[in-house]
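Shared between the two complexes below is chain A, which has chain B as its partner in the first and chain C in the second.
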Partner chain A sequence: MRLGTRKLIDRGMTALGIGSIVLLAAALLVFLAPIVVRGLGAFVFRGTIEYRQLTLEKFGRGDVDAVEAEQAEAVEARRPVYEMLSAYKKELADGHESLDEAKKQFRADRKEMRRHEGLADQQRADAQAELDRREAELDRRGEQLAKHEASLVELEELIRELLGPEPGQSVPVLWRDQYGQTRWDRAQVKLDQILNVETWVDQDDPDQPRVRVLVPRADAFEGTTLAPLFPYIENNAEAMLLPRLTFYWRFLTDTSFDAHFFGGIWPEILGTIYLTLGAMLFAVPMGVVAAIYLVEYAREGFLVRVLRTFINTLAGVPSIVFGLFGLAFFISTMHVSPSKSVLAGSMTLAMLILPMVIRASEEAIRAVPATYKEAALSLGASKWWAVLTVILPAALPGVLTGIVISMGRAAGETAPIIFTAAVSVGKPLWPWEALSQPTPALPWNIYNLATEHEAVDEIRHVQYGMVLTLVLLVLLLNAAAIVMRARISKKLRA
Partner chain B sequence: MRRFIVFLVSAALGMVSPVAMAAETRIVVDGSTTVGPIAKQFAQYYMSKHPDVNVTVSESGSGNGAKSLVNGTCDAASMSRFMKDNEFQAAVAKGVMPVAHVVAVDGLAVIVHPSNRVKDLSLAQFRDIYEGKIKNWSEVGGPSLSIVKVGRDTNSGTYETFESLVMQGARVSGDTETTGSNGAVRARVQSTPASIGYVGLGFVDRTVKPLAVNGIVPNRETVASGVYPIARPLFLFTNGYPKLGTPLHGFVTLYLSEKGQEIIEAIGFVPVTDY
Partner chain C sequence: MTENTLHIPARKTTLPDRKPAPAAPSRVHVRAEEFSVFYGQNEAVRKVSFEIPAGQVTAIIGPSGCGKSTFLRAINRMNDLIPGCRAAGKLLLDENDVFGPRIDVTALRRRVGMVFQKPNPFPKSVFDNVAYGPRIHGVRGRTRLMDVVQRSLRKAALWDEVKDRLPQNALGLSGGQQQRLCIARAIAVDPEILLMDEPTSALDPQATSRIEDLIGELRGNYTVIAVTHNMQQAARISDFTAFFYEGDLIDFGPTTQLFTNPREKRTEDYITGRFG
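Now for the complex of A and B:
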């Protein structure tokens, strides 16, 4: 091959390599950037006065005087809204009254007309037409009123969702109904719903689906006393809600309330930690001992080959199968706990990562130079002593790396804990409670919020916060592995 | 390194030591995703009154709830259907006596994408859609789009209700998408213009459009009175009637209190009584 061609191919390969690395980095960025940005939304956001009020009343945090002062300010800004609403309600009531009046008049007139039997046909027909016209007019007014009332009900509900219940009304039972929007980003969504009605309009072609059109809600109230409400809300939303940049680091250490609407994700984090540590507790001793046996003691033969095949097969079993096995074996057969529990979940996760631990430890032990062992044996050490004091310490960096990587795997697994450990809501547990009680855990609750929660669109930030926390947790574990490995290697070399 | 080992060992000891302290202060609720929101709110309310009790709620489907109760791995099974014959038999054979507590009433709302102009379906049309006899929305007065049917898994009580009240012996067509929860059905419908699905009343929000069935709109009145054709009670099942005064008794009878009924109504279901 000519030199030029070879160079060209070389350059081409280099370019391809760099290109794929750039592509990988870009993919990672596309993948991680939204997780980080949206996840941070759970921690850093513009909290409204409703948020500060909730934090004060439910968690006892915050400066009472400052919050009260702010609240007074907000109430002042909201007053015109409620005044306009009650004025409009009065207008509607008046409308009803005058309509009733008109109806009464109409009925009296009709009676009157029916009594005049001596009228000529022409006159009679005219009077009848006049009555019909009046009746239609009355009906139209009635319909208009009903329509206005229906719109008012919807509007009031939306305003309640934005600002919380009107002062002086009875306190609703759910937290989410007791307060208005606590986050400015959610408040803006609600604001949009108040200002614009989402309507679906038929297209000319009946075969086409309807299209979404936003109609200003003010249109429905044109010419009434409520018309100025909409520009007022639009212009004074900030004054009514007083958004302020808020750091909610306690998102990590608060328990959740009202089905994850408020509070943080501490039970989930703690559950994940318990499950991961528990899995390690079972998998590491078994895995390392098995690896030592396979490398140092087992004689290569049919049995060991079968054993290896089993281990490799175990590594390929889908995680949901482990979950079902855990339910059938640990809970239903062995009765390790009276219900699903962290214990059962840890055991199931341990089964899942056992092959990883065994294989990583096996490789690490195999990589220890044979001279180490020979030196130890020649100095008179017995075999197991040599393994314990020479080979294992030398293999430790590799073993630890395997352990921590499998820890990351255990922390992120969902399927094995669905049936054995995870629940949607529960308290943070004490270590001894973990033996018999189930717990929420990050991977499962992310799934649960994404698919099963009844109001998931309102609390996406919690879901993203959980995702970010889980990703960071796994990242932290991996970083710890790298640091630990580096330190031990250094020590060994010294 | 040494510190790490000490940490591991102490963690192990910490997990094992005071086992005895795990007394009867736990209530494990397992089952329906429809009853889930009610159970979660009841759990929060109950724990706010009794901070020493831990109420855990999982939403894994009515079938799982029944299995858990039969196997004795939950204290209360939330179910959106009644127990089946074989579940009862299995329970009794294991010495578990299921007692039903009807906590709320629910209507199965038929939901479509808001862009769909169809407002009303008869029960027969609804059945024909899922049977695969009606394949296009234009056959029931909608746009010319082929219908995307979203259904539930057979573990679901909502599915069982749907099967007995709507399908009435007819087979659900094979091209129906199966999803695992009410929330997943709603998520599918709100993002798919040609889709149809069915969920519990508490899961209907502004992003989807509930249809009238046989001309009757599902709401509190029509469901409570049984006028709405696809209505059903929601259950909590316990093993025997819980001993009076125990946390479990307090929990499963919450629905009788005024607060309990307010909670049920606030999340969109129908309380059993007019309080």
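Now for the complex of A and C:
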């Protein structure tokens, strides 16, 4: 019985262990799958002719003849849209003309009536009523025209967003105004906006939130010459934009343009690399030397206990506090750079990860068998020589693991670089520029795009692309740590 | 090395035949005078006085916790690593006080090599293990290092087994080979004294026998001081034996005399297995 119980408990524990691992894997999958799927949208998407045109004109990439042929095709498909628009404009102009005519007539009639004095009261009243009716009718026509004109302006703006500026117009300043929708998924959103007007309707109960209702935009143009435009756009969107499956791997190596509307995230990636390597440059030597001191040289006493407490406290300080500290200390007090810079950001990140490096190195050094040190010392090695030639090499796997894990941490930290290094838009820097200039960086720009960008909905794909890149970067670092550790351990263990 | 893996050398419980120790030891190499070692308040070695002759094998025996390892580790000051450990009295190496104020510990350790209880080669190649000491002491150049490595490995009777494996990791060797490698590593810095702290306690009988043979070969060139639990081993390998008990030196003399005709009752009780 007792044996049976023990077996049962054993199996239960095994099941529990396997279960928790499966749960963890599932959680990871649930976490990673959307990141990967949505992030890939920045690299693989259906690009429109506008995209290919932009790539050709701004980046000089693509087949000139093919793009021109496609462009001609698209222009052909778009012509009816512009024809219908100009026809409608003409209709509106005609409407204005006839309205002006009618107004003139109305004013003449009114003058006429006022001139006829001595009319009977009854006649006078009738004539006045007729005039009032005509005036109201004129006002209504005027309002109708104004409404149609406003609707047209809105529609033209939407069509410009979808297809780009009408051929023959002056070229706008911003890239985003120079081209239509470059991505088919965004084009479809715009298409929806053209076809339907989003309105919010009050419910009967005023405490209830308003309800979103889509009204076909065609309703506003019912009975005009523009009415056939909407079915035409709906049915010919593909012909006008020519979406093709596009693989944009240069998302990783292109500079961004027009506030991340176009181009890639190379400045962000490079900035992240600079900041991370810079942080390592400061934190690793200090951290490893500190760990060696704590393990090999420090005598346990009050001072060392205080030191350890400091290190542990430092590890628990919120990262935003490090950010403010970096601003106050490195920039305002030490003046390492006139303003935000990669240098100041690296130093701040180094402060943040220093406790991690110290702890990991300490553990690794402590784990080296004491017999190695004894052997080295018994051969006449001095203490530091034994540390350098025997203890550190043996501790290297652990030290490296700690270093790479803290690299991942440094690469992903946002708060410490807000005040010390990060800007939302920037060019890729040369290493020597990093000393004095700020840089965009992946974590900060993800935050920035998500919260502060003027048109974040237009460029969600860039944000997700950055997230995927950052996650992959950190995973890559961790994988490198595992491989490195395994290789060095193998070398150490024979 | 595998020609007769099943051959277990006959172990003699009586004293082995070998060239008799020189009648009068040429000189005293290590002299303890009222020498004590403390761990905090605890006196681990209590005012011992005796002389260890040069070029001979001296065994230190005694039950666990009798201070024999502590005494051994005092000779090259490995005890310095233990916090709260201090020494009193005199321990003279060639008439220089090991604990004197002007002693250079690294120079001392170069003169006094050590082999530990558990084989502890570095996680480096066989070559780098042996070359570690010479490199510290300024031997440079591949050929000169190779010279030293080869000579040391030959002296440690390991050359033939590892000559083709010099670049390989030393941790791939067997336990006995590792211990002989450690001896080679200690020899490579050309010490005068070799301290051995139970050098065979982690080894199988065959490896033990090879180490014992090796100790016999080292006699004459080096002063060997070996701590051992194993009285038969002490009898087999040593010329002189010191018996420690609870921190006191109970008996010291030529091994033959100590084992056949102990002066002290406690020595006799110990070597006949009545306690310990």
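In this section, the second predicted complex is superposed on the first by the 462 of 494 C-alpha atoms of A that agree within 3 Å, B and C clash if a C-alpha of one lies under 4 Å from a C-alpha of the other, contacts with A are read in each partner's own complex, and residues count from 1 in each chain.
Everything below uses one rule, namely that contacts are C-beta pairs under 8 Å (C-beta built on N, C-alpha and C of every residue); 3 or more make two chains touch, one makes a residue touch a chain.
Everything numeric here is computed off the predicted structure, so don't read it as measured data.
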| said: Tell me the contact category for A:N448 with respect to chain B and chain C: first, second, both or neither. | reply: first
| query | So, does A:S339 touch the first partner chain B, the second partner chain C, both, or neither? | reply | first
| query | Looking at chain A, which partner touches more of its residues: chain C or chain B? | reply | B
| request: Check whether A:W385 is in contact with chain B, with chain C, with both or with neither, and answer first, second, both or neither. | output: second
| query | Touching A:P369 in the superposition: chain B (first), chain C (second), both, neither? | reply | second
| request: Once the structures are superposed on A, label A:A290 by its partner contacts, choosing first (chain B), second (chain C), both or neither. | output: neither
| message | Let me test your reading of the model: by the given contact rule, A:L492 touches which partner, first (chain B), second (chain C), both or neither? | response | second
| query | Just chain B (first), just chain C (second), both, or neither: which does A:L163 touch? | reply | neither
| said: Let me test your reading of the model: by the given contact rule, A:V81 touches which partner, first (chain B), second (chain C), both or neither? | reply: neither
| request: Identify the overlap between the chain B-contacting and the chain C-contacting residues of chain A. | output: none
| said: List the residues on chain B that touch chain A in their complex, please. | reply: 1, 4, 8, 11-12, 14-19, 21-22, 26, 28, 30, 33, 36-37, 40-41, 43-45, 47, 54-60, 64, 68, 71-75, 113-117, 138, 142-145, 180-184, 187, 193-194, 202-203, 205-207, 259, 262-263, 266-268
| request: Mind listing the chain A positions that touch chain C in their complex? | output: 299-300, 369, 371-382, 385, 389-390, 393-394, 491-494
| said: Residue numbers of chain A touching chain B in their complex, please. | reply: 172-174, 177, 193, 198, 200, 202, 206-212, 257-259, 277-278, 280-281, 331-332, 338-340, 396, 418-419, 422-427, 429-440, 448, 451-457, 484, 488
| note | Seen from chain C, its contact residues with chain A in the complex are 76, 78, 81, 83, 106-107, 109-110, 113-114, 116, 118, 120-124, 132-133, 136-137, 168-172, 182, 185-186, 189
